[in-house]
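Pasting the structures here.
What follows is a pair of complexes built around chain A, which joins chain B in one and chain C in the other.
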Partner chain A sequence: MSYWFTIAALTGINVLLAYSVYASFMSGQVSIGQAAFFGVGAYVGASLTVLGGFDLISAVLVAGFAGAAASLFVGVPTLRLKGYHFTIATVAFAEAVRVILHNLKYGRPRSSGNVGDQWLGPDGATGFRHIAYLNENGITTGQYALIVWVIVVIVVIGFFLVERSRIARILRTIEEDEVVARAIGIPVARYKVAAFVCGGFIAGMSGALYAHLLTFISGGDFIIHLSTIALAYVVIGGGQTMWGPLLGAILFTVLPETLRPIKDFRIELFGLLIILVMLFRPTGMISAAAVRRWSTPWAPKAQRKRPTEAF
Partner chain B sequence: MLDVTNLTVSYGAISAVRNVSLTVKAGEVVTLIGANGAGKTSIVKALSGLVPKASGATKFRDTDISSLPAHEITRLGLVHVPEGRKLVPSMSVEENLICGAYCRTDKQGIADDLDAVMARFPRLRERRHQLAGTMSGGERQMLAIGRGLMAKPELLILDEPSLGLAPLLVEEVFNIIAGLKQEGKTILLIEQNALEALNSSDRAYVLRVGEVVMSGQSDKLAEDPELRRAYLGVN
Partner chain C sequence: MPPDALLSPTPHMRGVDQMYFFALDLTQTTIDGLLFGSTYALVAIGFTLIWGLLRILNLAHGVTVMVGMFAGMLSASILGLPFYVGILIAMSSGAFIGFLIDRICYRPLRNAHELVPMIATLGFWILIEEVFIKIYSHFWFRDYVPFANPFDGIGIDIGEIRLRTDYLVTLAVAALLVVALYFLIYRTRLGLAMRMIAEDHDIGNLMGVPVGKVLTIAFLLSAAYGGAAGYLLGMTANLAGPYAGSQAVVKGLFSMILGGAGSIPGAIVGGLTLGVLELQSSFLFSFAYRDAIVMLALFIVLIVRPQGLAGKRMADRI
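So, the complex of A and B:
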C-alpha cells in the first residue's frame, strides 16, 4: 500500500511540474528548463527543514519563492527573445543550475553516521542525503500524499479560475500574435515574465515536495530529461486547456508503474503512445474543442453538411 | 493631433524611412500612398511603437511619444490596426472585440461600444460566437477594424485594409472608412489602392523609397499628371 501512496505523491508532484510548464505555455513560451526551478526548490526546501529547522509547509512555500526568483532571473533578459531562442536559453540555464547543484557543498557534520557519511546538507557530487523530515515527524507516506494533493487541488483551482478570466484571453492573444497584442495595448513582456515566474513558483514547490518524498537528492536528478518529460505531460495531455497537463501527468506517472509486469517493454510502449497521440491528436489528448463539447452536452452537435445540401 | 518631424526608421544598417515629416489634424482622414517597399508600414509601425524610431520627434495630442513602448501609446488613444487582418483565430468574434478594449476599464462604455460595433457590422453580430479563424477575409477585416474601434481611438491607423480582398469587398471597406469619416473620426490610412485612397481622404502623402515625394489635398493630387502616371496607371 505504501508503494501506491508513494506513486500517488509522485503523481501529484508531477502534476505540479506539468502546471509549471503550462503557466508559461499559455503565453506561447515553451520552457525546457523547469528542472532548474524544480532543483532549486528541492535544494532550498530540503535545506530549510534539515538545516534550518523549518516546518514542511513553510519550507515548501519558501522553495516556491526561490523557484520564482530563479525564473525571474532567467525570464527578464530572455523573454525578449522569441520562440525557439527562449526555449534554448531555458535549456542552457537548466544545465548551468544542474552543474552548480552538483558541486554545492554546505551544511554541518552529523553526530552519528558511518565513515564517509557524516555530513548533513548537500555534499557535492555525493548529493544531499538524510532529508528525514517525514520520518522524524512521524508523517506516513499516505499522509504525505494527502498533503501533496491538497496543494495540487489548490493549484488546479487557481488555473481553473484564471482560465475563465480576462487574463487567459490576454495570454492567448500574446500566444497567437504578439503584434496584435502590442497593437491592442497589452504590455507583452510584463505578462510573459509574470506567467513564467508563476511557473517557477509552482516548480519550486514541486521540487521541495519531491526532495522530502525521496529523502535523497543530487544534481543528477535535475537533468534535461526531467524538463522534457514535464513538457511532454503538457503537449501530450493537451496544451490548450488546463485539463491537459493534469491528465498528461497522471497518466504518464501511473501508466509506467502499472505496466511494470511487462518489464522492459513498458518504455517502448510509452514511446509508441507518444507517437500515436502526436499522429492522431496533435492538439494533445484533451483539446479545447473537446472541453467545449463536454461542458455543454445539451448543445446540438455540429451537423456536417452533406454534399447535396450545398446546392 | 499627430505631429511627426524628421522620422527615420532603420532595420540594422538599412534605413527604411528617412526624414519623413507629416501631420494629422483632428477630424481628418490622411492617407499614405506608395508602392511596395516605400516605407508606409514602417512609418505606422514606428508611430505605434511596434518598431523603434531611430530618430525624429513624434508628438501625439501634445505628448512626446518618440520613445514610449507600444502599450503606452495605445493607452493614449493611437490605435493601430495592423496589416493582414491579424486576429486571434482561436477566439470567438466577441472575445476578439472585447480584447480590443484591453486598455479600458469603463465596463458600461465597453458594453455600449460592443453594441455599437455590432450595429455597424451586422455580420459580426450574426457570427459573434463563431471562431475568428473560420471567417472570410472581408469579415476578418471588419472584425479587425471593429476591434480597433473597441479601444475608443482618438486616431485610428488602418494599414492596408483592402489588401487581398475581392473588388466588391474592397468597395465595402472604403464605404466603412467613408462612414467613419462622416462621424468625424480621425484616420491615418495606408493604401496601395491609390485612387480609392485619394477619393476617401482629405490629404495625402506620397512615398517613394522611404521619403515623402509629394503631399497635399487629396483631390488636387488625384489630378496631378505625374502622380496619375506613376500610381494610378492612367495617362
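So, the complex of A and C:
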C-alpha cells in the first residue's frame, strides 16, 4: 500500500511540475528549464528542514519563493525578447543550475548514524542525503500523499479561478499576437514575467516536496530530461485548457507504474506513448473544443472540424 | 607546468618563467579548444539545418550522434576498418536514423504546431536511447567501450606547442564537410530549394519546389553530420558510451545558440567558441564548475546579444 501512496505523492508532484510549465505556456512562452527551479526548490526546502529546523509547510513555501526568485532572475532579461530566445535561455540556465547543485557542499557533520555516512547537507557529487523529516516526525507516506494533494488541489483551484478571469484572456491574447496585445494597452513583458514567476513558485514547491519524498537528491536528478518531460506533460495532456496538464501528468506517471508486467520497458513505453499521442492527437488529449462540448452538453453539436493548427 | 628551479635562479626570473609557461599553456589550451570545438560545430550544424528550415528543435539529434559513434566503434575496433571507411559507415547509419526521424516525427505532423514535432522527437529520443541502452548492456557490462584510435599519441610539434594528430584530423574532416555543405547550399539547385524553403514553405510549394523531398534530404544531411560528429567524438576520446548522445544534444544545442540559431557560420563560430570556453574554464578556474561557467557565459551572450555571436537578424524586443 505504501508503494501506491508513494506513486500518489509522486503524481501530485508531477502535476505541480506540469502546472509550473503551463503558467507561462498560457502566454505562449515555452520553458525547457523548469528543472532549475525544481532543483533550487528541492535544495532550499531540504536544507531548511534538515539544517534550519523548519517545519515542512513553511520550508515548502520558502522553497517556492526561492524558485520564484530564480525564475525572476531568468525571466526579467529574457522575456523581453520575442520568439525562442526565452526557451533557449531557460535550457542554458537549467544546465548551469544543475552543475552548481552537483558541486554544492555545505552543512554539518551528523551526530548520530552509521560510520562513513555522516554528513548533513549537500555533499558535492554524492548528493544531498538524509532528508529524514518525514521519518523523524512520524509522517507516513499516506499522510504525505495527502499533504501533497492538498497543495495540488489549492493550485488547481487557483488555475480554475484564473482561467475564468480577465488575466487568462490577457495571457491568451499575448499568446495569439504580442504586437496586438501591446497595441490594446497590455503591458506584455510584465504579464509574461508574472506568469513565469508564478510557474517558478510552483516548481520550487514541487521540488521541495520531491526532496522530502525521496530523502535523497543530487544534481543528476535535475537534467534536461526532467524539463522536457515536464513540458511533455503539458503538450500531451493539451495546452489549450487547464485540464490538459492535470491529465497529462497523472496519466504519464501512473500508467508506466501500473503496467507491472513490462516494468523493465516502461521508459521505452513512455517514449512510445509520447510519439503515439503526438501522432494521433496533435492538440493534446484534451482540446479546448472538447472541454466546451463537455461543459455545455445542451449546446447544439458544432460541426466537427479537423484541427490543423493546434494551440 | 611548474617552472624548472634550475632554469630560474632568482625569484624575479622565476616570475618571468611562470609568465612564459602560463602563456604557453594558455595558447596550447586555446588551440586544443579550437581543434576539439570542430566536433561541436558539426553537431551544431545538424541542429541548425533543421532549425533554419523548420523552426523545430530536433531533440532526437543526439541519437544520430550516438548511433554514428557506435557504428564507428564497431567498424574501427571490431572490424578493424580504416578511418575513412568508418566515417562513411558512421555517416550513413546516422542518415538512416535521420530518415526515421523524418518519417516518424516530422512528416505526419507537418501541419501541426511547431511544438508537436519537437515533443515527438523527445519521445523518439527517449525510446531509442532506452532500447539502445538495453541492447548495449546486454553485450557490455561497462559504461564505456574502447574506441580504436589510429592516431593515438601522435602529434606534430611546432615550437613548444603540440598539435594532436587526431584533433587535426577532426578539424580536417569537419572543414571538408563544411565546404561540401557550402557547395551544396550555394552552388546546386537542391541548395537553392533549401534556401527557398527556409524563407517560406508555402511560397516554395507554389513555385514547384518539392518541399517534402527537400526536407527529407535535409534530415538525412543533418543526421549524417551528426553521425560523423559521433565518430570523431568517440575517436578523440578513445571511448564510446551510450550516454554520449544526450551530452552531445546539450553541447550541440549550446553551440548553435552561442553562434546564432539557424545560421551555418553561426554554428561553426559557436562550436569553436564552446570548445575554447570549455577547455579554458577548466584550465583557468576549475574542472568541476566547467559546465556551469560555460552555461553562464552562454546565458550572458543570450541577454547581451540575443541573435548569437555570428547571427545577423536582431531579435525583436517588445
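We take it that the second predicted complex is superposed on the first by the 295 of 311 C-alpha atoms of A that agree within 3 Å, B and C clash if a C-alpha of one lies under 4 Å from a C-alpha of the other, contacts with A are read in each partner's own complex, and residues count from 1 in each chain.
By our rule, contacts are C-beta pairs under 8 Å (C-beta built on N, C-alpha and C of every residue); 3 or more make two chains touch, one makes a residue touch a chain.
Everything numeric here is computed off the predicted structure, so don't read it as measured data.
In the superposition on chain A, contact is made by A:Leu279 with chain C only, not with chain B.
When the two complexes are overlaid on their common chain A, residue A:Ala288 makes contact with chain B while staying clear of chain C. When both complexes are overlaid on chain A, the residue A:Thr173 reaches chain B alone and has no touch with chain C.
Shared-chain residue A:Ala66: touches no atom of chain B or chain C. Looking at the shared chain after the overlay, A:Leu16 reaches neither chain B nor chain C. By the touch criterion defined above, A:Tyr84 reaches chain C but does not reach chain B. Of the two partner chains placed around the shared chain by superposition, chain B and chain C are both touched by A:Arg182.
For chain A, the partner that touches more of its residues is C, with chain B and chain C as the two candidates. Comparing the two interfaces of chain A, the one with chain B and the one with chain C have residues 179, 182, 188 in common. By the touch rule above, chain B contacts chain A in their complex via residues 48-50, 69-72, 74-75, 79-82, 86-91, 95, 98-100, 102-103, 147, 151. Put simply, chain C touches chain A in their complex at residues 55, 59, 104-105, 108-109, 111-113, 115-117, 119-120, 122-128, 130-131, 134, 246, 249-250, 253-254, 257, 261, 288-292, 295-296, 298-299, 302-303, 306, 315-318. Of all the residues in chain A, the ones that touch chain B in their complex are 169-170, 172-173, 176-177, 179-180, 182-188, 240, 288.
On chain A, the positions that touch chain C within their shared complex are 30, 77-78, 80-85, 88-89, 91-93, 95-96, 99-100, 102-103, 178-179, 182, 188-189, 223-225, 228-229, 231-232, 235-236, 239, 265, 267-268, 270-275, 278-279, 282, 308-311.
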